[in-house]
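What follows is a pair of complexes built around chain A, which joins chain B in one and chain C in the other.
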Partner chain A sequence: MTKDVKNLKQFSKSAEKFEGANLLCPGCAHGMIIREVLNSVDGHILIGNSTGCIEVSTAVYPYTSWDVPWIHIGFENGSTAVAGAEAMYKALKRKGKYQGEKPRFVAFGGDGATYDIGFQWISGCFERGHDFTYVCFDNEVYANTGGQRSGSTPLGSSTSTTPAGRVSYGKKEKKKDLLAIMAAHGSPYVAQVAPNKWKDMNKKIKTALDTEGPTFINALSACTTEWRFDCNNTVEMMDLAVDSLVFPLYEIVNGHELRITYRPKNIIPVRDYLGVQGRFKHLFKPENEHIIEQIQKDVDKKWEMLQKREEAGV
Partner chain B sequence: MASKYELSKIEVWDGNMAASHALRQAQIDVVAAYPITPSTPIVQNYGKFLSDGYIDGEFVMVESEHAAMSACVGAAAAGGRVATATSSQGFALMIEVMYQASGMRVPIVLNLVNRALAAPLNVNGDHSDMYLSRDCGWINLCTYNPQEAYDFNLMAFRISEDMRVRIPTIVNQDGFICSHTAQNVQPLSDDEAYAFVGEYKTKNALLDFSKPATYGAQTEEDWHFEHKAQLHHDLMNSVGVIEEVFEEFAKLTGRKYSLVESYDMSDAEVAIVALGTTVESARVAAKSAREKGIRAGVVSIRSLRPFPYKQVAEALQNCKAVAMLDRSLPAGAMGMLFNEVGVALLQNAQNKAILSNYIYGLGGRDMTQEALLNIYHELNENAKAGKLTHETQQFVGLRGKKMAFN
Partner chain C sequence: MKGWNEFEIGSVLFPLNEDGMKAQEKMPQERSYTENSSRSASVAHWRVQKPVHNVEHCINCFFCWVYCPDASILAKDEKMSGVDYVHCKGCGVCVSVCPTNPKSLLMFDEVEEEKDALKKWPQKETK
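After this line comes the complex of A and B, so read on.
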């Protein structure tokens, strides 16, 4: 794995492969992540995209924001679309019909497309060992269809299908630990990234793209619309997520070697993260305070587990 | 390089093996598939060809049929020749992606080995999956026997990949009756077959990085209609290309196919319209009916989509009574052939035939010579009376009380 990562200056000079002209909400982190993925390496990239906010905001006929080959089939099969293209590349290469450099294959999907409906397709692609990188835009909600709960939605979040109400504190279940599941596929490289930690993210994406075989990136993506915060606070929102350890940054190599890649100097309480988002507002009512405590406990436990695993190298 | 397969002038193949060899000879770049009875042997044979070095493309055994078609679409958009096979529930699982494939105009060839749809679960042949494929925007061709399963697969690539068409194609064959019944098949040599199918020509390939393409964009009311209309336009016009390919294939092999095929229709007063293996059974029955003094004929349809309205009407123009045989549950309506052929006849003002509809053979129930002959007798009654002498729709060979509807 190469450590030759672009610095910010090189990065800013990279060719524009994703146009600013798109319909994503102002302040949407999806666009930041796309740019970082496309510009973290030079050379050919081919994208498969699942249905979701990205798809409907960046390829509205007769326009396209993509200056790379791009295909969207359905909600669940962005991974398999790319797997098909990757298989075609191999066949044409073997037959001498594809000349030129080896492309990188990347699939994009929201957390709904990844944690839920598309999970079987991703799992199949990883089991078959397609040489591609799957990037999940984890905004913890089905944003494109108006904010319903997904398998990634955290405990206590008020969504349009788990609304907080007189007798409900919102979503009753915890977020699925997808990174562990993807690592368990034996993937050579999986990592969690957040676009506010630019260097860390850039390095991990480059590693994922340069690693042969199926690799996985779970990218935190703050959603101004569904998390309910002002659109100029996107980066701050993600700062709070990683500094409270609600979204810890780490990687797992070869299915088991776990490394924490960012340790906050001052770990902040989860209340500070929850308190600034509309989706958690109701948790601060006295009858729901125990959910905040529960979330804090879960975060502490996970952090302890990650540190122990890192130490033990398992 | 894949090694060549030495074939005899005549091979004893079932429909599945015939299809597998046609796929092998077309030198497909990517086959992505998932097994389901009765189409499974197509991909099993293909896997064996791969293991023995007769194929040098990619063979992707995915985790479901939905993924199979998804991989096919990604692969085809990437820019190469693609095929798969399925049946029944597997086809139903593919349906979402079938529309996406035709909407993106990627020339995939799908072998649909026709089988019933659950519930109740049934692995045998009927046309439920074929009928489910009606509106998904694919060219949809029908075969009757293993020779045709072979021939139509080769032709399907030509039709689908033609630059005037660029629409994916289904090749139907009857589950078990065709897929698992060995017959003499006259194959082309590997070289001849490939020369006929031709090199794949790319168009807007994803793997062309000098000209990045966007596939599967979003359109709303401002453009969606135009895109769908264009697909329909090109599907309707693919009739000409299909006929050209039939013609060229006839020159090469002597085997001449048409969109609509007539058997003993020159002086026929009554006719059966059918699809699949039943066409051959109906021809045998027509012969027996003629021995009994009934002027019987058979009309069969090679392309369900594009539907050959004009040719069907022409073939039936002098008939007094016509029965449409449907091998799928219409569930609250007349059968599909009844509806489609009926409309074709309505368009022709001279056509005054008495029309009836027979539902038969669901879940692999036999269609017997006796039953077919009985239909000819009923048609003859209708022709003589100048009106229907029974209910419009009847169920053939169903146990229990007679089922019939008007």
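After this line comes the complex of A and C, so read on.
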């Protein structure tokens, strides 16, 4: 059963299913997201986890941080592991060998595992219509292997494979619009969430888990190590991301009905978001300022597109 | 019971049986953990500074609870009841999100005694 969380007092009575003394960095938003997902479910849940920070930090021999059934499998196929479990559930149920409550099937993966390397497998699972939810922990970089650029890394970001320097302003390509791609699979529900907006996130997690068929959640995950900010500022960093509309919060139902779920009261300039992170520091040099302008233009254009689509119901 | 590496490849396990589920729904304080749970480990040595809770100013909003990445804010009977210093990494997120004035959580040096920290609490800030 999923929970309808009305306030944090009620939420705080959740029986935690993710244990401390995992080895995620101090202040890592991955930990916030895992807790907000697991705490929104009472009862059976099964997790498939791709390789990445979450996996290597939470299953360090001989320890595990997971108090729920948890499968770690290759970098690319957290999705297919869960799809296999879901297919097995169906078969066992049909044969009368399993009579218990139906578990929630959930796959976790970083943006590297999701946008790039695992994409073909996720796409296959969505095309075949497995009843599961895929949650991407989008920290916009391959964090676990030292910060290589991924398909989710934004324009201008300095990473270990797109380093900013005398001849380069960082990554040359823009972030992939994965939500649009997942919606185009005809998924009954896809959404972007950010853990700092816990109420919005809880509602969307609940909807995704309760909807039959393949559903997709893209969760913003600020990475203190690769974005380069002080570890106590994780929530502030994500507040800036959603309030500057760099990471807009919206959902798409049945592949096309788009709804914006959070409208900032004061939209802040993207410079205010970029300026507080080491990965964008070089953009504030005079020769790179045009990249900031480009990012602002892209953000404005996307926001306009989202609003138009919402209005038109397409 | 068999250990996981004694099972044959392809075995189907049913962890979601009734007993397992009941255990899962218990609050952490009441659950029994094996030594293979990371809960049995500690990351206290990662910390240079620790958050101290001042119950006098706390309004039990639970922002610190929901945003702690390491499930180290202790909640009991709808009240914030302290910090789990075995699993807290000292990131300071809880202090950043605490909305009271003065804050109800503040970072102090690891060696500072809690009672001394409470004596040093700042006054209300005027902006």
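Here is the rule we use: the second predicted complex is superposed on the first by the 307 of 314 C-alpha atoms of A that agree within 3 Å, B and C clash if a C-alpha of one lies under 4 Å from a C-alpha of the other, contacts with A are read in each partner's own complex, and residues count from 1 in each chain.
The rule we apply is simple: contacts are C-beta pairs under 8 Å (C-beta built on N, C-alpha and C of every residue); 3 or more make two chains touch, one makes a residue touch a chain.
In this text, all values refer to a predicted model and were calculated from it rather than measured experimentally.
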Which superposed partner A:Pro264 touches (first chain B, second chain C, both, neither): neither
Chain B versus chain C as contact partner of A:Val82, first or second or both or neither: first
Which of chain B and chain C A:Glu236 touches, first, second, both or neither: second
Which of chain B and chain C A:Pro163 touches, first, second, both or neither: neither
Which superposed partner A:Lys90 touches (first chain B, second chain C, both, neither): first
Chain B versus chain C as contact partner of A:Ser12, first or second or both or neither: second
First, second, both or neither for A:Asp67, with chain B first and chain C second: both
Touching partner for A:Gly278 - first (chain B), second (chain C), both, neither: neither
First, second, both or neither for A:Leu24, with chain B first and chain C second: second
Residues of chain A contacting chain B in one complex and chain C in the other: 44, 46, 60, 62, 64, 67-69, 88, 92, 98, 100, 103
Contact footprint of chain A on chain C as seen in their complex: 12, 14-18, 21, 24-28, 31, 35-43, 46, 60-63, 65-72, 75, 78, 84, 86-93, 95-97
Residue ranges of chain A touching chain B (in the complex, touch as defined): 44, 46, 48-49, 55-56, 59-62, 64, 66-74, 76-77, 80-85, 87-92, 94-95, 97-98, 100, 103, 120-121, 123-124, 127-128
Chain A to chain C touching residues, read off their complex: 8-9, 11-13, 15-24, 26-32, 35-36, 42-44, 46, 58, 60, 62-65, 67-69, 88, 92, 98, 100-101, 103, 195-196, 198, 230-236
Sites on chain B touched by chain A in the complex: 29-30, 32, 56-58, 60-64, 66-67, 70-80, 82, 96-97, 100, 104, 206-209, 212-220, 223, 227
